[in-house]
Amino acid sequence: MEQENRHQLAKTIRSYNRKGWSPATSTNYSFRKSPDIPTFFVSRSGIDKSNFDPNDFIEVDFDAKPTFHFEGARPSAETLIHSVIYELFPKTTVILHSHSVNSVLISEFFDKEVTFEGYEVQKAFAGQSTHDNTIHFPILDNDQDMVAFSKLMRQHEADFKNHCFLIRKHGFYAWGDNLFEAKRHLEAFEYLMEITIQKMQINRSQY
Amino acid sequence: MEQENRHQLAKTIRSYNRKGWSPATSTNYSFRKSPDIPTFFVSRSGIDKSNFDPNDFIEVDFDAKPTFHFEGARPSAETLIHSVIYELFPKTTVILHSHSVNSVLISEFFDKEVTFEGYEVQKAFAGQSTHDNTIHFPILDNDQDMVAFSKLMRQHEADFKNHCFLIRKHGFYAWGDNLFEAKRHLEAFEYLMEITIQKMQINRSQY
Amino acid sequence: MEQENRHQLAKTIRSYNRKGWSPATSTNYSFRKSPDIPTFFVSRSGIDKSNFDPNDFIEVDFDAKPTFHFEGARPSAETLIHSVIYELFPKTTVILHSHSVNSVLISEFFDKEVTFEGYEVQKAFAGQSTHDNTIHFPILDNDQDMVAFSKLMRQHEADFKNHCFLIRKHGFYAWGDNLFEAKRHLEAFEYLMEITIQKMQINRSQY
Amino acid sequence: MEQENRHQLAKTIRSYNRKGWSPATSTNYSFRKSPDIPTFFVSRSGIDKSNFDPNDFIEVDFDAKPTFHFEGARPSAETLIHSVIYELFPKTTVILHSHSVNSVLISEFFDKEVTFEGYEVQKAFAGQSTHDNTIHFPILDNDQDMVAFSKLMRQHEADFKNHCFLIRKHGFYAWGDNLFEAKRHLEAFEYLMEITIQKMQINRSQY
């Protein structure tokens, strides 16, 4: 099971790299064996995602400390972000991250949140059953201080109900109860942001 | 023959997913063994199209009811749309669907229809033999009620003569007498919509 | 030699299809065994270029007539365009064609020609040795009548010196003394047109 | 070691070609076995980068002269640019080059330099540890005279501290102490330029 999770998530990571969503060595990802176990597996720091290997995950506790010492390998600097998501949404077992150009642009042109209205694909977000609705995604300011940023995330808990949030000029996180659902959330969000950016390139005056 | 159809259409579905035309688990597809048999094969609901398998089609009748019960597998929620297309155009044996960003944008910037004029590629639509013509494609409002939407489709029958129609903020359907022709229609329509969107991004004042 | 040419050109055709330069079943391609032989090999009509096979070329004479009869296979409707290029530029042995979105856009926004100035990549066109120059490419109006179009091409012979010409709302042709050179011309032209379109999307008022 | 370097860099070159960063036969690349040896290995002139082979590197000294004579093979015309980078930054062992459309556009819309501010990905440049900073990249005018251009580069030494510089209407160079670092610099720079161009296409009035 852990081997299969490592393998499937590594495959997703490499495929998202081909889409340009993890330039240079950016982004990080994690999975959990079960909501009952107080550890999770997070991607190593500084890995080129085009070659991400199933062995490039490190088991850590919720303080972002590795459960074993690995010579020369550190968990991602953003591991605490994963801890907070797992704590706030206990059924979550997979967390994905993207540095896509569209997500960075959205975070520059919108202030506190981005919203989408009336798109069929909104049904991809767990809990949504119609296009005929407005869905909201919060935008948080970037911070290198992970303790401060964790605090900010907890304050925004109520805004995280659509399973994704943006970080200004940085990217976004998406999660789900399993890899299938986490991917569905990430890909639907990327798609709606791409539509929005293309619209802005046609008709800037609307924004 | 059925096996070959399952295999070829599944390959097309995976290839269109790589182009970004079926984000998250969106879109659905079908084929028919023959216009004489009152059933067709439609893609299962909720499948990630990057991994679509030849076995992910379910045989259904024209009321969208599976001919056999499959544990845990449902036909696409939009199966009735396929039924109507097969009924209106009896020679059709393949129906394709796209959620491409360009098709959604076109459906937001145009009202009742989008038209193209003077493009060489217009010859790709069955029945067109010159670039020197104007071709029309209707845009229907989206609806989660498939019975109501089927009715709307029947009212628009006369507008469907170019083998494609758009659904607002959703995507489009394309069909043909065989897979080769259905693909030709879908790809030509995608291409003409991409040209139109790029033009609008240059010359926004016209729109 | 003929087998190697069929194989190499078919590989190029499939790779250009992946770039989106031959949507639906559009475009056509040819090669010549030698400038001394009064025939050439042109792609069959109506082939999906994603699967183009080395056997999908038909040998034709300069009147676009097949040298043998092939059941169910016709040479491309635009074969006469190839004949004229081989006649005007006798050292040519490979002719490529593209329906790229950028080339169609250029042909809509410019009238008689498009020019490029000061780009390093201009050195890719045979006969150019510096970026510090202006190069010209003609734009001809599209026509379904191949005899009339051939005549128009001959009138423009003097404008064809950079090995490429555009057809309005259709695409462009590029050629070379061998496949390597023909590809270099096509790819450099695509690249310079993409730069121009992106610039126009930033600063339409310049055009 | 040399074989492994040839192999890894050739693989990177082919992968960057698929991204469209080396159209036609443009761009050139090099690696050095060690900062103690007064030679390096540079890509041959006029190679189609989609097929770049590990044997397509030629060993040259710092005057760009091959250490052996290769029948029909010349080092890239821009080899002297590599010499200067190795001299100015002695720990460098890999130099990459890109002709990406975005880099050419940036060099047309900006004059002496392009700057980025506040992006998480800025941490990808060696020496940067926060997003909360402004980073500068110089733009030099293009020149076919490599001796004159080398001189210009030496005058700009102080501006090269972020491991990349642009050449007007030509592209850019990026380097690093190893291939991993050089790739990280090139990909982060491409990404930041893409964001900038997309922003300009939304908000053209600022430019």
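By letter and in written order, the chains are A, B, C and D; residue numbering begins at 1 in each of them.
Quick note on the criterion: contacts are C-beta pairs under 8 Å (C-beta built on N, C-alpha and C of every residue); 3 or more make two chains touch, one makes a residue touch a chain.
Since we're looking at a predicted model, the values are computed, not measured.
Peer 1: Moving only from a chain to one it touches, give the least number of moves from subunit B to subunit C.
Peer 2: 1
Peer 1: What is the chain whose Cα centre is as far as it gets from that of subunit B?
Peer 2: It is D.
Peer 1: Examine where the copies subunit A and subunit D touch and state whether the two sides share over half of their residue numbers (same) or under half (different).
Peer 2: Different; most numbers are used by only one of subunit A and subunit D.
Peer 1: Starting from the mean Cα coordinates of subunit A and subunit B, work out the distance between those two points in Å.
Peer 2: Taking the mean C-alpha position of each chain, the two centres sit 31 Å apart.
Peer 1: Taking each chain's centre as the mean position of its Cα atoms, how many Å separate subunit B from subunit D?
Peer 2: Taking the mean C-alpha position of each chain, the two centres sit 44 Å apart.
Peer 1: Going through subunit B residue by residue, note those that touch at least 2 other chains and give them in order.
Peer 2: Residues 201, 204 of subunit B each touch two or more of the other chains.
Peer 1: Looking only at which chains touch which, which shape fits best: line, ring, star, complete or other?
Peer 2: Per interface graph, the chains form a ring.
Peer 1: Determine which chains touch and list them pairwise.
Peer 2: Contacting pairs: A-B, A-D, B-C, C-D.
Peer 1: For subunit C, which residues count as touching subunit B in their complex?
Peer 2: 20, 23-26, 48, 50, 99, 101, 104-105, 108-109, 142, 144, 167-171, 197, 200-201, 204, 207
Peer 1: Applying the document's contact rule, which stretches of subunit D touch subunit A when the two form their complex?
Peer 2: Subunit D residues touching subunit A: 15, 118-121, 124, 129-132, 180, 183-185, 187-188, 190-191, 194-195, 198-199, 201-204.
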